[in-house]
Amino acid sequence: MEYTTVNYVAKKPKLNKPILIEGLPGIGNVGKIAVEHLIEETKAKKFAEIYSKDFPPQVFINPDGTVKLVNNEFYYLKAKKKTDRDIVLLTGDYQGLSSQGQYELVETILDICKELGVKEIFTLGGYGLGHEIESPKVLCATTDKSLVKVMKKHGAVFKKNEPGGGIVGASGLLLGIGKIRGFQGTCFMGETPGYLVDPKSAKAVLKILMKATNLKVGLSALEKKAKEIEHIAHQLREIEGMSKEKTEELKYIG
Amino acid sequence: MEYTTVNYVAKKPKLNKPILIEGLPGIGNVGKIAVEHLIEETKAKKFAEIYSKDFPPQVFINPDGTVKLVNNEFYYLKAKKKTDRDIVLLTGDYQGLSSQGQYELVETILDICKELGVKEIFTLGGYGLGHEIESPKVLCATTDKSLVKVMKKHGAVFKKNEPGGGIVGASGLLLGIGKIRGFQGTCFMGETPGYLVDPKSAKAVLKILMKATNLKVGLSALEKKAKEIEHIAHQLREIEGMSKEKTEELKYIG
Amino acid sequence: MEYTTVNYVAKKPKLNKPILIEGLPGIGNVGKIAVEHLIEETKAKKFAEIYSKDFPPQVFINPDGTVKLVNNEFYYLKAKKKTDRDIVLLTGDYQGLSSQGQYELVETILDICKELGVKEIFTLGGYGLGHEIESPKVLCATTDKSLVKVMKKHGAVFKKNEPGGGIVGASGLLLGIGKIRGFQGTCFMGETPGYLVDPKSAKAVLKILMKATNLKVGLSALEKKAKEIEHIAHQLREIEGMSKEKTEELKYIG
Amino acid sequence: MEYTTVNYVAKKPKLNKPILIEGLPGIGNVGKIAVEHLIEETKAKKFAEIYSKDFPPQVFINPDGTVKLVNNEFYYLKAKKKTDRDIVLLTGDYQGLSSQGQYELVETILDICKELGVKEIFTLGGYGLGHEIESPKVLCATTDKSLVKVMKKHGAVFKKNEPGGGIVGASGLLLGIGKIRGFQGTCFMGETPGYLVDPKSAKAVLKILMKATNLKVGLSALEKKAKEIEHIAHQLREIEGMSKEKTEELKYIG
């Protein structure tokens, strides 16, 4: 096992002008939720796994009692029309723990992209605001000026100097290293409070992604999850509200 | 000295269909206590040591005043009946400090397993509950569905989504990487409060391990240790109880 | 991509007895501000970028909505007189995160210096005092005794045992490793409170640097920035002052 | 520059059955103070420097204004009588920051020992008690049982299970890895409060070291330093005493 290892679990697919859509864990888990939704809705097929010595030394327990080494996973999806572009999907349990691990992981992902003929990449993530938000906007950054225009047309938002801290992690690196290696790339970042997993933000991201690609999937499952999370958020706010009152009371007394 | 180094201190043993039983330091030290008990009771023979640059830069002092570089150690045990399977035991002072170190250590252990002809692995550990427990159950996870059935029969418990955080460290990785490399494996996790070393949990783990293997050892030494720990736990609870009262008193006054 | 990678974005320049001037992020960002000012004022030309797997896994967003992988950048500047020495400038987004990353980065910088014929290095940084300061002095350290005399003449200050903690980061390592590899080097450290970015300190550093080299640039842009920062610092002091009063009040009551 | 680099600054010395005496920074700086004292008193000659990418990325400033990359340094000392054993001394600014760095550093030191013909090693350090101590004992650990007897005769103390945490850092690793590589070694640990640098403990360590070797040096300089430190410790205790009173007062009022 190398520092980063690729394990093909099915025959390497032959794809027509494929694009990569990446969604790994991050703020609000927006990207991961979005890509997992795509995989479930389209019944995309897993063909490869990536292991990294920079992932935590951990296995998860499958529902049947067997173990699974933490990893990242590649899926593919053939377009319904032959002329449409095929799709490669990437999600996983973790991003690398260290800087070096993150760089190595992204380089491995780009190596696989090159082998598959992927030339365009979409990375999905969240943009943490730290406060509640009614209808999340989707911020955007790209590798090429020409893509900025295109994505604006699809409804993506470009705010000067936002995110001020740039993009940290695989969603950023895939574009940054990708650009140097000749890939075109777009990052969609759904606004999110960032406290909880955020299916609402994932939905907003997928809406724009569908405009930017030939992908079409239903979003009702996400909407249902979004309502569940909203319910939990409401409960948490109530508990918090109570404790705030208590604090106020204490301050008054003290 | 490589990043991870194997040092044979005796001739490499020739073993009959050996199984590996691993117990390294972890929650409640359950695995380590269990394997050390096996070594003492069976008088298993040490044949190899593993050193790693990811272990702490430390020596321990032997009772005779000499030093010993911290390591992991392999022992073996010939079955009493020729038809029974021989046993390899692994314990040690530390697990790797970093993710990479943990992965490298486990790969080295699996390399040795392959050389020795080991095809089945048992890893022993604790499952921290954070509260006292009368009779610890033994949770289980395996590399193969077929093993799940077998282990259930021996009394191991499979709870859906437990442990929720999966298995972290060598006990998990040996199964996770082992599975990819073609080993069969089972992890037994004894429930434990996790505050103190826990011979009672180790005893529970060994009871099931003995059913799952041809191994038979007395457990009275563990029972004795368990009583000593229970005594200490009782004393700690009393001190804690007193300080709680004090806290209550203070709250009342304040 | 290697651990540290050099990417030439223009033809490697042919330079006349060039000197390197380095200013990377650090205390008060003194070095970075100074070198960025030089680049802007002299319209120096970028010719190479350094990427490192020890930089954060991050891209920044350009004003036009495109991304830029975090890096260090080399610029050059031809002297106006043919007999004057040409100049290489180095600045960037980050220094290495780990010790090893810092050492590797500095060795890569020195490799490029050697290729370009650089034999003398100036490193610029801040010296954090932790309190406000009217007119910042510029402390100095060099690779050679003979340079100490020269830099004293230009107004640099050598205080015995200062900085007591030596020089940490690229500004120090370029001299330390450079000395071993046969480079001559001088580090100018502008005194700075260290709370905020400090253009005033950068100006003080540049004044001495200009005496020590054949470089001449206007400093009015830095003066303007210094006034802006002074204004912010004043506002912060007021807020702090208020909260101090409050604290005092509370102490009085309590 | 390798991860760990050796730089000979003088011709490699030809030595008669040399022993190594190591004293790097640690608890109470006992080992470093002891070896630096030996170097000063015997006017031992520096012949090599070790640099490591695991040392901090730092230079120190020499009194003359020049810089010095942080390192470890080797000195040697020819015995006065031709039949006596020559001595190699090792001290330095830092130990490695990471486990791996520590292991690599110690292996490099042992490589040099082997080249020089060193077969016996003495490592010097402190044993932190966390409280004041009138006359510090010197604890001991060795690579060989035969050495235990010898060192007891010289006045070194072997306490069962002490230090309970073993020996961490170069003083431990040189013995631990050294033992595996066939070196004989002894570690002397002077008892020390551990709050301040401790020349008194260093003196106690040197007294026993001199009995165990043919080395003879005056200790008056150390005694003087010990008195200075005692004076500082006394002042600190007074300040502490006052603040304790204050705390008591506050408790009484509160």
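Each chain gets a letter, A, B, C and D, in the order it is written, and its residues are counted from 1.
In this section, contacts are C-beta pairs under 8 Å (C-beta built on N, C-alpha and C of every residue); 3 or more make two chains touch, one makes a residue touch a chain.
Keep in mind the model is a prediction, meaning the values are calculated, not measured.
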item	value
Maximum centroid distance from subunit D, chain identifier (CA atoms)	A
Chain centre separation in whole Å, for subunit C relative to subunit A (CA means)	37
For subunit A paired with subunit D, centre-to-centre distance based on mean C-alpha positions, whole Å	52
Which chain pairs touch, all of them	A-B, A-C, B-D, C-D
Of subunit B, residues touching subunit D in the complex	1, 3, 7, 51, 53-61, 63-70, 97, 101
In the complex with subunit B, residue positions of subunit D that touch it	96, 99-100, 102-104, 106-107, 140-145, 148, 158, 160-163, 165-170, 172-173, 175-177, 179-180, 185, 187
